[in-house]
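In what comes next, subunit A is part of two complexes: it sits with subunit B in the first one and with subunit C in the second one.
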Partner chain A sequence: MKTFTKLMTSGLLALGLAAPAVAQDDPLQVGFVYVGSIGDLGWTHEHDQSRLAMQEHFGDAVETTYVENVPEGADAERVLTQMALSGADLIFTTSFGYMDPTNNVAARFPNVMFEHATGYRRDTPNMSTYSARFYEGRAVMGHIAGNMTESNIVGYIGSYPIPEVIRGINSAFIHARAVNPDVEFRVVWAYTWFDPAVEAEAAQALIDQGADVILQHTDSTAPMTVMQDAGVIGFGQASDMGQFAPTPRVSAIIDNWAPYYIARTQAVMDGTWESMDTWGGIGSGMVRIGEMTDAIPAEVRASAQALADSIASGEHHPFTGPLNRQDGTPWLAEGEVADDGTLAGMDFYVEGITAEIPN
Partner chain B sequence: MLTLEKRPTPSRGWTLATPVLAVVLTMIAGGLMFALLGKNPVEAIRIIFWDPVFNTQFASYTRPQLLVKAGPLILIAIGLSLGFRAGIWNIGAEGQYIMGAIAGAGFGLAFYPSDSPLIFPGMIVAGALGGWAWAMIPAILKTRFRTNEILVSLLLVYVAEKILASAATKFLRNPEGHGFPGSRNLARIDSMNNPELISGTGMHWGVVLAFIAVIAAYVLLNRHLLGYQIKLAGQAPRAARFAGVNPNRLVVMCLGASGALAGLAGLFEVTGPAGQISIDFNVGYGFTAIIVAFLGRLHPIGILLAGLIMALTYIGGELAQLMLQIPAPAIQAFQGMLLFFLLALDVLSNYRIRIKSEGVA
Partner chain C sequence: MGIDPVTVIAALIVASTPILLAAIGEMVVEKTGVLNLGVEGMMVTGAVMGFVTTVETGSPTLGFVAGMASGMALSLIFGLLTQLLLSNQVATGLALTLFGLGLSALLGVGYPGATLPPVADPFPAAMADIPVLGPILFGHSLVTYLSVVLVAAVWFVLGFTRTGLIIRAVGENHDAAHALGYKVIRIRLMAIMFGGACAGLGGAFLSIVRVQNWVDGMTAGAGWIALALVVFASWKPWRVLLGAYLFGGITALQLRLQAAGISIPVEILSMSPYVITILVLVIMSSDRSRAALNAPAALGKVFHATG
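For the complex of A and B:
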């Protein structure tokens, strides 16, 4: 019996190995693993919209599937294995916590290509990583916030104190200060990516502290509802959140993964797929600035657009010296720009932010 | 007209039959829900209950995964069932699970990169102590100040989650992790690894301990004085006091035992299947174990079966998402139905249904 099971397993493995060779006729199978619900109107929603856009682009040549609400860790590893066993040729995993599970499963299925969003580990040749330079979008939001605030207090809802979020706070702050030397940032940590009740409380706490512009790095629209009632403005996060325009949502940072998903799927079809790391920004279209509404004065809209354009062209880097760390020690000299390594592991605030990164 | 008449003692037949009936009713109501979602209900039920065990494409992988998923559920539920039988309600196993994992992982990582064979046993002890200590907070508050252990243990879950976030982003963070949250991967460190003991079976130390816990709980409840006291305290608290049962001692024992078992479940999870302390390390085992304990009728063998069935709905539910694109919330509703029908059907074990004619009424 045991030998029989083994035979079956090896037979299946052989079938799995053979799959890419005959992929020309069969539709390419592309799987997605989501940490949230596709209805979250934020992070997962945008990944799923991009999946649908990719599906539409390729039509019958591609079949996509997804599993949502997959906890990070052991459950992710199981879902990924099931996906690979079911014949997927290419799998996208869209949360940082899937890093180890994705690498583990990739090592067991050398003929399935894996793409992990926001991570850095590529243990095997069938692993790629990708992320977006959201901090470029934050710079534009910070510019608008610095111009728009009347109380000179800008609120910021952080998810977790990790480099990704800290980078965004720094970028927004630098560009708010550039246009408004009196601006101050208040940061509230929600310790969640998606929890409407907690996010709404965080927004209320910031409003109580006098904030009249709020940036959020959490995924639900609950803060928008609070902002609407309080007459405060904010920005769509991950998704456009256009249902809250023209106020409180005056613009948005939109994750746009569709071009990347199309390019990578095409690469598997052409047999040109290679392990690589992609960190796209406004220039490559991975980060998009949502439509700026009339609530923003025309001249601020124009200068914000100019800022976005100069970031897109590479003319302006959001982290350009002179910049000091929060404690006053020099970080970047005049004209020097931050390297990607420092940005990727950023665990300090820049000078001027009065908040503290929690322990 | 129908009336309910209380039985002098719960019907033994119905006590055994209701879990089975609850599963059948869940299949019917769940199938109806899937049909309303435009999915083939027969196929969906087959994928959830049949495919993880028998599908030729998946089963060789998913069958061992059933044990991996059921192990922590059974381990925690066994601990909870002791207290539940005595009327002591530990709702905070999720927090004890987290604290066990943090304490165990913290112990091991403190000695990194030593490869002493004593590290893993030390982590097991630390894990059990971590869960035990977290459960002692509601226990002592209850015995000293008469606070409600349901509220205290539940609220401590949220405290534990904050400590977990802090551990993942600060004090247990992998120093070579480029500033990203999460500890070192313990499953990749030989001295801290909780490996699959026999390749292809899913058996790891946590699963082994779950089976031992089932047997130990069975012996305790049927052959041991403490087991008798637990049952007596639950059924007749006054009589128990006259029989010399010390209620405070029972609270400390039951909460301590369930806390230690939940802590061990966390330790074996973090050193094995999960591999690392991360912000979202806990995935609800502590809460799901409450369902498992009741689905298993607070009986050790029942809990063993209930844990396996619950694991089946998780793994089958993922397959149903993958193959039929049934949304995840529908799968969760499906699991919820299981508890709903079970509790609703409890009426049948405690009451007799009588049909009375209108005239008499």
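For the complex of A and C:
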């Protein structure tokens, strides 16, 4: 439905087809495919900010294009083919659902480099994957939530029950429980990354159930508005969402893709690009913690910062044993940390969460 | 932990208001025999114009008026194309949706995240605190009450007035209505504009009251639900109200069931209104004698005045 901008942009790309073949000293063409609109103030907005930062870094040496609101599925394949045909040298696809389309198109265009965010399939040598360890940021948010809640009920708006989201819920819960043994999590699945009306409704449902701190893993600011009216607090998601500070937004998890985009574009220029998987966290700067406002007591701000620092330095891993799975079976022994493989495919809650993961 | 039925009902009324407004407008349009598939486009344009106007003027009332006016303006494009230039209604309607989504994205550049003045509620806050009845009956914004009044008005006009009779005559058999001397095209244009104003108001409600923000494509399919709703209601005003509250109610309820930690098959609940709509369509097309299901006989047909 949100195809108009896409049609327009595809149309412009198609026009680009008519241009003569790219000469050697022409700027490097870098394409971006977005699942939402760049005005969503969340996930896609942050990718686009990073694109602009990359563009600024390289100046005339790079030309970037983007297509927004591309549905996950067959449409994505068409848009990607179009981009590759019109001379793109490097293409970033920025949503989990683009995994199969990106791999399919990459197989057909061996001379174009493809980078897929949050996926795991690298079928051909011109495919890379990249993601951020958002769960490290979630740990800090969970720490703050556990300290701040008075009703001991923390609400969580999930998008889809996929490993990335489940990991975030577990990480936040573990660190909320660590500072508040009575805390409970209530999870609502919105089954959308972006639908302001449904997200607002989900926030309201959680507040009606007594939640006084809400974490969201959906992309719009609609839950913030509801939180503001109800006087509960929450956290910026993907982007700073600073216009809602000092409350309801008391801090934020910010995705910072710019350094990665710059590094990968440079690699293509230098001819050193190769297929790889990148999973950056607070330490590498891919995940940033937004400014903590005065609504959080000073000692909690200090302890949250200390937690973030210890994660960044590698001293603390958010998934450190002893930890049991939800059904009580042991997962990690005392002092053991989770391996990346388990985290990447995480499909279970840790012990203490009462909700169930829908199938 | 249980669910408080009062908050569910209060929430479903608010959640349903945009689709109710759009659907009741579209129902009148379809009653005159015109199928306008551009509801989504008109809603989203109403949403952005309502939001922008409210931000610029500081008056939500002007915002609602601007939302209605922009929906009406967009519907007028559709009206001129389909009624005067006799273009295909389905294709034109779809194009209107695409146009509206693109136009709204353009108009809204720079506005996401702007803050709005609060919308005053018609009833004092004390009345909304009355147990049970308060949140359900007195806790809403004026537009929500207006939407229910509108349903009653449409029901009355269509069923009990001469105007309603003419509207239905045009929708059932435009040639006969024309032969009787009724201005088929003029009546249809007016209905189309009414439908546009309703859709625009629904969109403005979404951005000004419900979400209090503008984000690209924020209607996220509400216009299509409104179209399904008209069929679901088999073109009867009170059933549109019932259907809208059912659609909205299922959303509000399933989120609350999840929040309460009750595990339910969310997908089945979410798709149930659409399944019912498809069933209604199947039953309708299965048997000629089921014309009692009420589809206007001239729906979607091109009218070309002869003689």
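We take it that the second predicted complex is superposed on the first by the 335 of 359 C-alpha atoms of A that agree within 3 Å, B and C clash if a C-alpha of one lies under 4 Å from a C-alpha of the other, contacts with A are read in each partner's own complex, and residues count from 1 in each chain.
By definition in this document, a contact is a pair of C-beta atoms (placed from the backbone, for glycine too) under 8 Å apart; a residue touches a chain by one contact, two chains touch by 3 or more.
Everything numeric in this text was worked out from a predicted model, so none of it was measured.
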Clash or fit (per the criteria above) of subunit B with subunit C on subunit A: clash
Which of subunit B and subunit C A:E136 touches, first, second, both or neither: neither
Subunit B versus subunit C as contact partner of A:D255, first or second or both or neither: neither
Subunit B versus subunit C as contact partner of A:L206, first or second or both or neither: second
Partner chain in contact with A:R78 - subunit B first, subunit C second, else both or neither: first
First (subunit B), second (subunit C), both or neither touched by A:Y160: first
Touched partner set for A:E351, first subunit B, second subunit C, both or neither: neither
Subunit B versus subunit C as contact partner of A:N69, first or second or both or neither: both
First (subunit B), second (subunit C), both or neither touched by A:D89: neither
Which superposed partner A:Y191 touches (first subunit B, second subunit C, both, neither): both
When the two complexes are fitted on chain A, the stretch of subunit B hitting subunit C, from 116-124, 152-160, 206-214 or 278-286: 152-160
Overlapping contact positions on subunit A, where the subunit C interface meets the subunit B interface: 5, 8, 37, 69, 191, 358
Residues of subunit C touching subunit A in the complex: 1, 3-4, 7, 11, 15, 18, 40, 97-99, 101-102, 105, 108-109, 112-113, 115, 206, 210-213, 215-218, 220-222, 224, 251-252, 255-256, 258-261, 263, 265-267, 270
Subunit A partner contacts - residues on subunit B that touch it in the complex: 56-58, 60-62, 65, 68-69, 161-162, 165-166, 169-171, 178-182, 185, 269, 272-276, 278-281, 283-284, 314-315, 318-319, 321-323, 325, 327-329, 332
Interfacial residue positions of subunit A with respect to subunit C in the complex: 1-5, 7-8, 36-37, 39-41, 69, 155, 186-192, 194-198, 200-202, 204-206, 208-211, 220-222, 225, 243, 354-356, 358
Subunit A to subunit B touching residues, read off their complex: 5, 8-9, 12, 31, 37-38, 65-75, 77-79, 81-83, 85-86, 96-97, 100, 119-120, 160-163, 191, 344-347, 358-359
